[in-house]
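Pasting a structure here, questions to come.
The letters A, B, C and D name the chains in turn, as written, and every chain counts its residues from 1.
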């Protein structure tokens, strides 16, 4: 692993073809269906613990991950199912984790908030809000040292952007020109707290100026817009240009987590309905001019995969009690 | 006596103390709607959003701001949504709040309360289930309360708010919905006084927070076999009433300490060390400790149950101390 | 203490008279002489522990504190002697603290890094870099709640501006419009680490943009420039306009602390000499067109005060051992 | 054998391990010039500023970056300038580094070393003198080393760097300039093996880090009065070699534990609790503990000396345990 040995590859973002876009639609649908199922299982008491679905935000997951290679890394949050699936995380083992089975990605220890699939460059959901940003910085440092041209993308929310870790990480990445992309999904709420109250700037992307890094705000419901902004940041990162901050304005259609209704104490049905009109799946389907039949075909294929994953998970043995004491040390 | 839940008892303490002293203010993530565990319910409506305010996700900043507001004469209560997140605020709590009075020559005091839910049982996994009380016990200048029932929750919270020192109040998540008798009107429980929650003569079970209930259940089990267990709850860990704990052990000659934190360097380590110092000549068996097994707390219910201490663990440890074959 | 009871006073910054400027010169000289003495005592082994002198940065201390009222608060750093003196901290008790006497402001417990004089609105030097910013935020919150029109100023260095506490505090002050002034003394080094390497922006004041707050950079060797920028920020704060960030470019003429030479491993003699040409005392003396005789008169008066402080400190009893266990709890 | 200082031993460990494995990198404030205590001296010149880099003052960020670099296959060593500042980095160390391997189902490991100077004696006052080892001992998934002489400093540091787990190495400031014999060439001290630093039969003195030297000095004093003290150094606190500690106590029947942290819930609490469990029947007196008095560490030299444990405290505690009137 020679230090800065290899020359950095300059990667020109590819232009999306119709086939690409179709794949992106399909991926968003995979996320949507997976999370609908997860929510259903959660309500039925079959998935335990803390579960946060990202329904409504699928364009962020898919737009970003489409711009990455397999060797690139992502680090995500408590709301990470979408990112996981978009990055290629194996769905059966992911469902097994949610159902607490021995075959789960985390061996039934981490659950929804800690899904990871290192084999796919998915370095984990991290449930401490903001904790993944310093980690991404360190991964970027490693990638720079090995001169591999790999990039690390860290997902975080509007709420997380107020953690000190954001500041320290952005500064570190900027001074060292690390290949790290800070992707902020501004879904307008941190639990019940609106971004306008929590955050002193209108566009979180403005904060990039404090680090001499580029910052852009994109439509987080438009998978192509997300892809393009990410592809540009990836190019820059691979060329040694350092970090970028991308803010995607988006919305979660469901409640924050367990027990939180879709609307109620802190947001109105009208607001949710308004955003639902901009469902990222609808937008992508419209771009693709998908017919009802085509949509059905997508759905059928996705559900087949999903049912396979569920079958795998349900058919897997429970974790043994002794396994709860393993892997504490390497 | 009327029965209310642990959460209701805490909420009541807030209402009463905020009425009593307008310098009491509340800050934390989602406290206005009391969205997570409900302790701060109704406070924002009643006292206004100046005194009860939602904060950004900035644990370091809000605990530090709590320290500052306390330095300026207010009596802030800062909620940390899960005890695990307090790791982000160790500096303001330990390097500042606990030391400022001393370090600045007694020129000011820091009447800050940080309250936070600790412990497992809700399948939230490794980073949302920890019991870290022992850390804070080591630091001169900060007090630690760990109530185990609604009456103590109210009484200790009122004490904490009136205390001129920084106080950490640890509320176990599994206690929140537990009901119990709480006296009407002012009810203040002094710090540093352990409570004998059940009398017995054969062995002393010392329980920390929620684990008091495992001790009580174990005492029931042991009772069926003719063993009379005394259950003692220290209630505050700093100050720690080693006198009452040792007194019980001098009577029963045997002692088991039950906590939900990890064994090595846990609350039980200190209690064991202190009790053996004070009651050495009375001990007929080694002091035993029951604690979480040596792994992070996994989220899956069976695994979580396995790692956390349970009643059977307490019964077994007690029998071992009594030389009864299990 | 009624919540937001009193109306905020609008304070128009006063125009500096020659008398004011003379007082400012005098105050800078008081700091200079106090710290020269402190350094001398330190070298002689009479002042123990960690001591950081601010010689070269006196214009910051005095420029800021001249813009404050007695009821306003400051919070300072490990390098806080200058701020302390400028805010009116009692010099005899301060010297007694450095010499570890029972009459010291901190009763010989805190030493140089924790000087405080609450009676003068000096809420302490804080030795954990960055820790004073959240505290200042809380004090600002208290002042807003009591509606007193008081402001809190927090001093910090270029190094400290990279701590997460800066970010969290700026955001909190901005969303709540708290009367807090963030005063960054950019003396270009954090110990041996140059600001250009540690910090991703040229002007730290740029970071204010990330919080929708005003940020300015001023000449930190010019006491009038510092005063004016501060007075404007104070006005804004008292009127409910929220926080400001002021960056003062300055320089420490001495080493970082014990054992660190004035120049050597990380900076050159030429660099130090260059900055010494802009000694804040010289600049102020020139503005005032002070004669040699006038300067001597200042010096004489200052040294008299200083000697009085030293006499007081030397004449004070040592702290009793038992006192080391007092004031742990209120 | 050649004698080198504690600092030189640590520096040597860095040089050798960095030569041995190019994935070893070093980060910290002012580490390039090794400006504060000198441990990283010469590394930047030799290995370049890519592998040895100064960082901004961002303790949370740099420890977190260490975690990330370790996740990506590097073996970072992060220096925290004073142990007290580690409070800013508890989250990456405890919620992330110590748990990631377990929490992600064993998919990766986190070979991170954090090293930091702890303790008093240099008049740096309340926020630059703390000993917080006990906190880390409670957390499954992180190891803790506390060397007391140059040979162990080198040996434990090499072990720490080669370990695939997060390791905290606590270096007492008063040890840095201490000289002692260190073998030439590769010298790796395994974790979890206490060392008997001096044999004796009447009482066991267990010392943590720098306090081993207070124990040795106390043993000298006691020897003058015909009391033969055994001095044992656990060397690593997690894993903790309770076997060797208890074995010594089974021989001497008496035990005093000496640490520089605060007494309540300190390292001594755990050692006391564990030793009485394993050697209960052999104890002829309560296990005694010597620690810092219950106040922050003041800066003034006389006051600091008063609050910190000293040789006389150890001698007195030992005599008390032996029933010798002091």
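By our rule, contacts are C-beta pairs under 8 Å (C-beta built on N, C-alpha and C of every residue); 3 or more make two chains touch, one makes a residue touch a chain.
All values derive from a computational prediction rather than experimental measurement.
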Could you pull out the chain whose C-alpha mean position is farthest off from that of subunit B? C
Would you mind telling me which chain pair, B-C or A-B, is linked by more contacting C-beta pairs? B-C
Taking the mean of the CA coordinates per chain, how far is subunit A from subunit C in Å? 45
Using CA atom averages as chain centres, what separation in Å is found between subunit B and subunit C? 40
Distance from subunit D to subunit B - Cα centre to Cα centre, in angstrom: 29
Between the Cα centroids of subunit A and subunit B the separation in whole angstrom comes to 36
Two or more partner chains touched - positions in subunit A: 109-110, 114, 128, 162-165, 168, 171, 175, 197-199, 328
Set of subunit D residues in contact with two or more other chains: 55-56, 58, 60-61, 84-85, 88, 91, 95, 102-103, 125-127, 140-141, 294-296, 298
Touching subunit B in the complex, subunit A uses residues 48-50, 100, 108-111, 113-114, 127-130, 159-160, 162-164, 190-193, 197-199, 260, 265-266, 318-319, 321, 323-325, 328
Using the touch rule from the top, collect the residues of subunit C that touch subunit A in their complex. 162-168, 170-171, 174-175, 197-202, 206-207, 209-213
Taking the touch rule as given, give the residues of subunit B at its contact with subunit D in the complex, in rising order. 60, 84-85, 87-88, 90-91, 94-95, 98-99, 102-103, 125-127, 132, 134-135, 137-141, 238, 240, 261-262, 264-270, 272-274, 276-277, 280, 283, 285-289, 294-296, 298
Which bits of subunit C are touching subunit B when the two form their complex? 1-4, 73, 97, 104-107, 109-110, 114, 116-118, 123-124, 126, 128, 131, 133-143, 145, 152, 164-165, 168-169, 171-172, 175-176, 326-330
Subunit A contact footprint on subunit B (complex, rising order): 29-30, 32-33, 35-36, 54, 56-58, 60-61, 84-85, 88, 122-128, 293-296, 298-303, 306-307
